[in-house]
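Below you will find the structure I want to go over with you.
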């Protein structure tokens, strides 16, 4: 992916573990796309009334991931509290969305895929949180 | 503003102090627009090299406010940890951006306006945080 | 609103009719917020299955308005074809969303409010399109 | 990528050539990330004053791609004029950004990468435009 190469070309190289940072940004992108798609697929299901909470949390998760990948991806003069709180917000949104999507994973394949992607992004956020906490 | 009226028409009325919620959403909108504009005006200044940190924090603040107004504005099945962490991220971004814009407020009117708006949004976020913490 | 003042402080003043530009940016903001709120309120209605198209078009309209207010608001080195096409996309999204919201305006107050706001934004986009076309 | 699988699980399968649609959504994501990163890297360069137009067009392109991947990715009750105009806006933004990034590709590796990604996304948008025009 170009993101990985691009982050390596920044004039001020990040002090964060680059591999962990790139993985988190990529997973945020993938998760934002997946949750946008799952919310849309849920809307078209016959049992949409059972999926209202899932749609809501997918929309939240897509918005949180979209903000996180922008704010965490910037390496010029970063502001650690903004980055850390943005990461926590993304983590909370991924976890809530994964929990809800898992409840529908048996009968809706898009929820199963979305749950998996949210869990992956949740772990990538946890790894980046650990990396940012290291001196 | 329509946002205020619209929030009153939601079938599940919010349990949060509505006045505080509406003010926070409106300030997030205004702050996102102002920071997008300040980053752009900074880019066109002759001393853009002195404004790099200001541009970066304005871009962060616009992204954090845009995510916050969407996630906080939704009243259907909200997830409190996602909302609270999103609010904290927005608060941190507003504070950092206000601090930096204030440093340039004497010589750039757009930085003065942006600093004022970021402080207003920071206070609205603090008020909403207090309101969300109440049972 | 701060946006109006901020646009006046830009080092490179816009060649576009400033009043028309500011109104369009403000309406895009208001419309993005209103459509985000209407989609969310629709989700919580008992007849959500009748509102699926309305939700979808509200989500589109919020996304189109959010992109438009950023891209149109930037005054540094603008690229006319990008601005014009972004405006057309916003206009199409507002029109489609207004048409659909009007169909539900009798029984859902949030749809009535959203339809009104989309029509207002549609007109502001048309006015800006005329202004941009003038030499 | 999960996006591809997810689009296949939608209850209302798209009438558009699925391969072309998925490629466009994926390229919009990649391009949004790359342009966000290139704008940020440009900000940190010593010759930032020469890169002002590049930064502006990268910010536009990231916003246009982010809106496009959301609006084009939704398959529930799509509105063709909104989708087509959104695609045109994305195409115009990618082309303008590629043209400008290419001017700096010799001395900034991030501009070279960003130019390549913008061209790839431009072509994916053209292919989707052709596919949408087919009956």
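Miscellaneous remarks
Note that the chains are named A, B, C and D in the order they appear, and that numbering of residues resets to 1 at the start of each chain.
Simple rule for what comes next: contacts are C-beta pairs under 8 Å (C-beta built on N, C-alpha and C of every residue); 3 or more make two chains touch, one makes a residue touch a chain.
Note that the structure is predicted; figures quoted are calculated from it, not measured.
In summary, the chains found to touch both subunit A and subunit C are B, D. One finds 27 Å separating the Cα centroids of subunit B and subunit D. The mean-CA centres of subunit A and subunit D are about 19 angstrom from one another, to the nearest whole unit.
Shared interface positions of subunit D, i.e. residues touching 2 or more other chains, are given as 40, 43-44, 52, 56, 59, 66, 70, 74, 76-77. Interchain contacts join each chain to each other chain, per the touch definition above.
On the side of subunit A, the complex with subunit C involves touching residues 40, 43-44, 48-49, 52, 55-56, 59. Taken in their complex, subunit B has these residues touching subunit C: 1-3, 5-7, 9-12, 25-26, 29-30, 32-34, 36-38, 40-41, 43-46, 62, 66, 69-70, 73-77, 108-110, 113-114, 116-117. On subunit D, the positions that touch subunit C within their shared complex are 52-53, 56-57, 59-60, 63-64, 66-67, 70-71, 74, 76-79, 81-82, 84-86, 88-89, 91-93, 96.
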